[in-house]
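What follows is a pair of complexes built around chain A, which joins chain B in one and chain C in the other.
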Partner chain A sequence: MVMASAAVAAVATESVLMKKTNTSHFLPASGVLLASLVLPGLAALVAATPLNASAENAPEKSTIAIKYGTYKDSQPGWDRVQVDAPQLYVQAPIAGVWALEGSWVGDSVSGASPRWHTQTTGASRMSDYRNAGDFRVTRFFPRAAVSASVAYSNEHDYTSSAIGLDARWSTEDNNRTWTVGYGSSSDRIDNTYSGGDVVNQRKRTHEFMAGVTQVLTPSDIAQFNLTRSFGEGYYNDPYKTLDTRPNSRNTWIALARWNHHVESFDASVHSSYRYYNDTFGVRSHTLGLEWVQPAGRWTFTPGLRYYSQSAASFYLDPIMDAQGNYDAQAVLMRAVSLNGQNQSTDQRLAAFGAVTLSMKVAYALTPATTIDLKVEAYKQRTSWHLGGSGSPGLDPFDAQFVQIGLTHRF
Partner chain B sequence: MTKTLLNILAITSLAWLGGCSNLGQVNAWEKGNLAKPEMTFESDPLDQRFVQHIYGSKENSSGGYGVGGGGCGCN
Partner chain C sequence: MSRWRTLRFDFSAMASPCSVQMDGQDERLMRRAAQAMIAEVQRIEQKFSRYRESSVVSRINRAAGQQWVEVDAETLGLLDFAQALWTQSDGLFDVTSGVLRRAWDFKKAVLPDQGQLQALLPLVGWQHLERKGRQVRLTRTGMELDFGGFGKEYAADRAAAVLHNHQISHALVNLGGDLHALGGRGLPESASAPWHIEVQHPRPDPAQPQAPLALLPLTRGGLATSGDYERFFIQDGQRYCHILDPRTGWPVSHWQSVSVLAANAVTAGALATIAMLKGPVATDWLAAQNVDYLMVQHDGHRVHHTQQLPP
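Let's turn to the complex of A and B:
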């Protein structure tokens, strides 16, 4: 009944749109017309979102997507970690008011990771396989939707299970949508399988999120999300030497996103900013910018991301000897003398900046089937830290990730 | 430095918003561009999950894009 009403409205709107809009810039597909009656982009507020769907209408078609991702990182003179990750995503509408979604990923991880800072000596070698999946069900109501989800991830030394609940509802004119969400995860860490000494450690996290998405103009839509999370349990990295972290971590995250349609190019600009703050003492800023350019069957999306974080309060800089070389013995002696206190030499807790350049190319084989390729180059440098040089004595870190995918709707 | 940048960003955004008449008052028949696939915030969930997973394992920060995701022991 809801869908029938929406369809009638869509047909009525189509004729208006065809008069008011340059037809070369208008997609006549009924799905797009239906979507134009509600607030687009709402689905981005949740982790498992339907492809190209709005929050208050169940998807009209089923979707299946497969993707193959590869990841490889390195620092000067050393290839570190490689990941191969096949992925699957399925979404199906049920009776016009329900949607079921599921996804799976299998990560094959191999390589080595430093035990302290960016030192190659004594690096911990790894070969692991991660299986992760999630399932989500959404019930649609007039101008509202409610979702519940479960997620599970399993590695030989780490198991995580999570649940999520969220609701979103729109104003009568569909120009504003509010969202609230709650998520909880329970993790278990145990590396005795590989000869480690971490036995049955636990970590629990609770997340609360509230957000608003607002249509600003016929060419602009913006979104603001605020997330608060509370975590307790085991945060140490068992593969770093004498790594001891606080047993709780609470975070504040603010995310602002803005999409703008550029009429003269029939393109879209996506901009985003995320502020992150946690009780480890880390503050970070993430800026994202993408240009989405359709061209016939092709869509080109170049992107730029900048990230900067401050160091954790318990991160310890490297100690250098008189010749400026890494003094492993002094670092070890300091770690031993601080035994029992929070301390870490994990590069990921240092102060640094990072830049990612990306390019995604998609091609529509048919109106229902699209293939895509995305290539990204990531570079992490302490000197790129926002507001001055970051942590001293760390090597540059580079990574490349590539994804190739196929999406079919039917 | 960081606070200065944030202030400039906030003031610029507010000035831009203030210059728009009828801000937020958009009729259904004016939403043709907003309904285009490239105007959604996340058009490819697998892509976003893969990339956010990588960032979450190589940087301290993660999250903010939704709730209900689990953790991992990624190095």
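Let's turn to the complex of A and C:
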């Protein structure tokens, strides 16, 4: 189901994060070296000294991770979509200079989603299952690494396949790492199976990324990435009434991150800012803040994220009658009169703000085995839109995400 | 600014010959930096040497089994590091094991009395050191704290930090074989080339006693060597060296020498010593620490691992 894409995105983000932690761009430093940096007067020196001669080392151990996530969203008086997603991730080193990674996720999606704005009447019901897998191979060189990946995902009405290539290399002192990447995806949308009228529609995207990661001080690392993507093809949502979108969508994404180690708490602060705009007219800002606090075998990571977006240029506000109620008749008449032009009443293209509160707790059973629990609460309100009241006439929207996981290295 | 020159200052500290070599253009700055650096090494020696009555280590040792001693932040930092080394070496690197020297006399070259060694073993154990805020206490009378296991390396790193703060960017600090390089050579004809360090041969050829084991290039970071040739005696064909296993009180014998290159000297020195103590399993353990090393096994066989050195 195309409808499920928002829910699936939340889960997909998780699997991306999982991969990030397993092929960390940050320099491996030995335990003894880390302990020595706490010695008085030595940290300043290490700013001038590389922690390690190779930017990124091939993994020495295999990793297997099993996660189970569940996502549920709702608006007042109505539970909308539920997603259950078991995940598997495996990474294996080969011959010291190669790493193979593979992951699989199976989502089952069920529930209902509005055909207009946040209207419960006439919502489209759905129940679907998505299988997605990816495979990635990385070759490590002194101070550099190159990766190639393929990914495939399949639902009964939506098939997506993607390839990617990326490379990263570091300066001689290892204080700076450059990254470039290219990705391409090809999607097919066809819902005739469930009685729909979308037949064999296609969508293609090309994405280019460049970034730099800089060690600023022994306690500070900053990262900046710029991504440009070009997409062409079918962007409509077949489960919304008279939803017609442009057949191309080009985006700019700028991402800045700053990680700071707080000596006195032995903790880290991860902060990020993301800017997004696209040719639909959507412009968004995301601010993220996480506090990573180790305490013996435990690690606690509370997080806060604020998101705000402007509406797409072809998003249409609800029409209200004299009593202030949703006037479905007027909305339909407008849609029909605009038929053939770009228009959408999809809540996800409206202007709104959202806040996510999250807490992740990890516990190391042994040095090689970690279990973790992550809980996220997402609240979306039009009134939280940055610098204005956002789109009128929409109900609040909430979502919860809970994930448990087990990771083992051997 | 004037022409490039190399200056070398020799001095003696921590019972070892020491030197610093610098490439630069501002001779007055280089001399000032060297002076400040030597003062820093002497400060550390006075503060932490167990041979100095007034050192903080001597104060803690005199109070063993009795009262708490209040110490400053630098000492607390060294204690934290000692704790980390003890934990990460599974108890092999223990700054309280110096007391075993009472049983071992390398000058007289006689094996210790087993009874005396057994009596000393209960005085060895980091777990018998208590801490409470800024206060520290050895709980057993007769216990001894000794930062000798990484003191010289710590001084080499601090010395390099002093040079760094004086805007020196091409220097090599050598404190009795524990080295810290602060950037490569500076002279225009050899700009950025590494310093070349001679590593002493653990079993020198009598025909060429000065021939080194290896010539290692070092541009940045620390290099330290631990070996069974520094203090030892041989009895009935068996070599007894000064590196003692804190669990048994007896010398290690698997490695003749271990040299480690790491981001700083204190890490290199600690890893080299722990490798000597670990015996046959040291190779895997060092590899996991992401450092380069050169080790000579008891039979003369060499093991090395290189990330930054040409093979």
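Here is the rule we use: the second predicted complex is superposed on the first by the 355 of 410 C-alpha atoms of A that agree within 3 Å, B and C clash if a C-alpha of one lies under 4 Å from a C-alpha of the other, contacts with A are read in each partner's own complex, and residues count from 1 in each chain.
As a working rule, contacts are C-beta pairs under 8 Å (C-beta built on N, C-alpha and C of every residue); 3 or more make two chains touch, one makes a residue touch a chain.
What you see is a predicted model, and the numbers here were worked out from it, not measured in a lab.
Of the two partner chains placed by the overlay, only chain B lies in contact with A:T286; chain C stays clear of it. In the superposed model, A:E60 lies in contact with chain C only, and not with chain B. By the touch criterion stated above, A:V215 is placed in contact with chain B alone, chain C being left untouched. After overlaying the two complexes on the shared chain, residue contacts for A:T118 are found with neither chain B nor chain C.
Once the two complexes are overlaid on the shared chain, A:S344 sits clear of chain B and of chain C alike.
In the superposed model, A:P142 makes contact with chain C only, not with chain B. More residues of chain A lie in touch with B than with the remaining chain of the pair chain B and chain C.
In the superposition on the C-alpha atoms of chain A, the part of chain A touched by chain B in one complex and by chain C in the other spans residues 32-33, 35-36, 40-41, 44-46, 48-52, 173.
Touching chain A in their complex are the following residues of chain C: 73-74, 77-78, 80-81, 84-85, 88, 154, 157-158, 160-161, 164-165, 169, 182-183, 220-221, 262-264, 266-267, 270-271, 274, 287-292, 307-308.
Listed in rising order, the residues of chain B touching chain A in the complex are 1-2, 5, 9, 17, 20, 22-47, 49-51, 54-55, 58-61, 63-75. Listing the residues of chain A that touch chain C in their complex gives 28-33, 35-36, 38-42, 44-46, 48-54, 57, 60, 142, 173.
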